[in-house]
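Order as written gives the chain letters A, B, C and D; numbering starts at 1 within each chain.
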């Protein structure tokens, strides 16, 4: 094993580069993975929407093989194929023990993203945010005992590639929606996360899942994965249509999967009194809650937000859904690239050419 | 028994009148109460903030004696002293069976308050909103089997007067806040509902309850009822002060008890990732969610709203809290009036003279 | 309409009779149904295992047409096809408002089944238990506003025949099992209720559903409806086999669907620390909890029992599952009889001939 | 610092000894505590009821000062006063991430206590069970980052001495009982854990807490800490008395805090349909569930068991309850001994002389 590797780093706004970096040292609680497949679509970071330090390796959906284990990490073997969550919590933290593992590594550290707070929101997200990420030949996984999940032999790299982020986030959106058997659930936007949210809603017992999007290919996948009805927002007023479809009774749960005022607001406008709005989007500006859609605050409404859950048990559960054949996510990967071609991959994805959904990168 | 009674009706904006009305007929599922004590502070209705039909009797916090029972109502006796909730649900409705009894009497009726929806938010609120209310000599209670709660002999009218609305709403704010033993909870505004929310938070195991208000008398009651710390928003930046008090760790739950952008926003700004904002206010304009306080939608935050819960079991539970001596709400009644003097009562309350908190009206 | 009808009554142990009865009067909150299809398998009552008063009409799974509505019942039309739950709660009761609608009609009435208690367990079960049941030409439904659920035109009588009892009970078993996405769930016994419990477990996101039974036909249906693995307890030690299948990790949830010590105990023996045993069986003798399977009381185990949930919202939800095509229960009906032939139906069922699962009776 | 220490070891049934042991080495994730105060009442282990390996140091309620921190442990300082839970989970385990931190350190290890299972119940309990415990001059804490909780200066050693076990367990009993505002809760046995369960039930909003015991001193403390009513089982039939006190309505929750058939069965017999039995006892033989008290399995009953929760966040929460003055546990310590006198302490406790409740041991 050589001491250097190739890594895709954020150079500056709209610009990534492949650089040589030292392969990191392995501390007692770390593991070093040799990456076999990663997802290549961290477009928000490349565009600078979400600021990270120049020179940081990007990427947060690792599938790889354990190259080296820290001295205190037990129960794994070098050579084993594993995944780790996009969010890689420190499960020893106060926040994790308190039920919010994605949110904090420590009480002591000043906020990253939400600089106004002394306490750190989203602090579980480390790869490509606070430490070097997965779009590289090797990845150092911290708190490896908590975060490495062995991949069953029956599942391919591409089948599990969505577990660390897309599937975990989308399913969390469904889990956060308080779905009960027989519910009607609307999902706003059917990109990869929205598709997983719709599949999750069906998996949790919703008897009517309504997806809304404007892209014909995504609408098609939505129908095949779980949505009973898919609405094209170019063709109808989605809010009016959902009220019509439900005879004015509205939906039990509405899942927002885009991060825009329009989808957030539509989700609230179709929501039954007593219902739940599960929000998955990353919002880049202030949100407005229209008082009329909010029943003046008297509607027994719930609004739940989430950051992608991580941890080996979460990953194990998601892979067991795939193993059981309940869902096949491999079809979401529409293109494959070598690490050297990653600029092409980002260009394809940024411009949404060729009906791209997700892109797989293979470092070697 | 005569066939007419005095009733306080909404005449027009800023104007109530005492009128004679026919004592209503009693249907098979109704009960007629002779009112002994009511709360006289429906100021939002008098001011026309919340529009009701001119001529409607106002008032929604009845303490009275059963004058006559409908033919299908069992388990009660005429002459029995009872209360009914401000919200008087039809527990046979789909919404009630589905866990939201305050929200709907029927799928079939067009919306009152929230005219945009076919489904009715807040439809459980009938007294002084959809049907004649309690500021009268007699009150007709619909769905009486579900809504009449006998008052234990050990409790006076004034002790239970807050159960139908203020205590039920304030406690619901605490119940909706996901409080666990050892939590820190902040309550924004310490009017009657906020005071009950703070008392409820303490009752549910919070180890630090922080109240915020600007009125010295309310701050004093807040301290004596449950708040460990009371902040005066005239004297400090409440958000900064709470961050300081919690060493930057913020609060587990924040309860909004005023219905303003400022209190809603402050509640969000002191809320820990993973925490719950429990909203009790009646908002009269659109709300803004600042993206910075919301961790861009990634903070695992929950926002829960509520309408006051009703029903005889709810009333029974609240009265058992009073009976056990956990809390004494009678001190909230600072003035008493006869029904004929009700205009004076509203004038006192509207102008918040004499440190008024709540006013009791005695029809006879 | 004539004033008399045929009804199947419990005459004495092991003996039912068809008698003429007066068609009942309709009170203000009642509805009279003309029965179109009923399930004919109340074998425990016929056998006298569960004692009811001689002369009582048996049966508790009504599909029918509204013949007459009480004066206070709104939102329905005579001639409408409806079902009502086997358990027909009074949703105005304290117990219902407190979250246990199946359990009590009143605080005031002495116990039926569990005579030791002043409070009534199972008091929501009225048809064929406390009042005349559904195996007749006409059925009087009390609290009709709460209990009548219109049947969608797209569903046949036989498709909805299992909603009132079998499907509601089986699904409740799954709902009570605290199932999360990716769980492994074992269901002990695959009779009609166990089959519905397994289907419900799958519907709620379990990724591995293990059914156990000894009847080949039921095992076959189990496989087609939701079980990933079906074990024959004649061919293996089911506990050992489940430990083997889970690599010793045991199951997250175990559902008991027979009402025997052996199934209850097996359910506990395969249950993971922290897991939930959901019990559906009707036990006729004391149960033993083996201390070894119970981790001496230190295993963070949960044991939940249930009585079938009723109410129009429950029925609406179950029918929406059928309407959406998630499950087709009509195949559970293996034989049909006229009301006059009901003795033959009970004989077939009691002796479990012809691989009978469920029998439909058509009064006219 | 010397290399040897005194430790109290289990020698054989009914026999403990003070031995010299090597002060353990500190691995990267460990911390070494110098014990300042420990609880000296592990009588079940001394009696051999609960078998541990001869030579093992006993004790599991450490209060101490950090002597040495492992290289990978951050956020603490040597010299800091801390506690660790009696149960010291590995929060990186699958079980912990899945919501049961007390239950497993690993999927890989064969069961300790419950040898029948491949999966380990109670595996979070390590001190004095699987590794050397706290009745010694020094204690090695594994997974220190997750398990060390700094003690606020305002609290004495004796005030926090009950947090690691008694208070955490008793409060868990209340938390597991599904208590809502206005509930009636019965607690069977008022030893230290039952006393904490009763205090916890009150802290969670129960409006009537009924304690049952036979010891006058414990009944006295029960009254002062939270019970509204305390019954002496020498003076009355506790089940009958509770039915009488509740007008036959029974209790919402019953907490078992002794580990006997009689208390378990009484808890079930006073439990309302729909209610929760929260079990805390360590049972040494099979339990019987009487079918009559169980409503034949149809009572919508819940039975929840628990092992004491651990972790630094749990300890922090419990100490915040003490800091806020909600409860003062120091009065539970009725006697103090030096480590050398520990045989006397056990003798006093085993024979329950001098109304002993809890004994504090001070190693230096």
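The rule we apply is simple: a contact is a pair of C-beta atoms (placed from the backbone, for glycine too) under 8 Å apart; a residue touches a chain by one contact, two chains touch by 3 or more.
What you are looking at is a predicted structure, and each value in this text was computed from that prediction instead of being measured.
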Candidate from B-D, A-D or C-D with the same interface as A-C, over half of contact pairs in common: B-D
Quick check: more C-beta contact pairs in A-B or B-C? A-B
Between chain B and chain C, what is the separation of their C-alpha centroids in Å? 40
What residues in chain D touch two or more of the other chains? 98, 107, 316
Quick check on the complex: what are the chain A residues that touch chain D? 27-29, 71-72, 74-75, 91-92, 94, 96-98, 101, 106-108, 143, 145-146, 311-314, 316
Please output the residues of chain D touching chain B within their complex, sorted ascending. 171, 175, 180-184, 200, 203-205, 207-208, 228, 316-318, 320-321, 323-324, 326
List the residues on chain C that touch chain D in their complex, please. 95, 98-100, 102-104, 107, 113-122, 243, 247-250, 259, 269, 272-274, 279-307
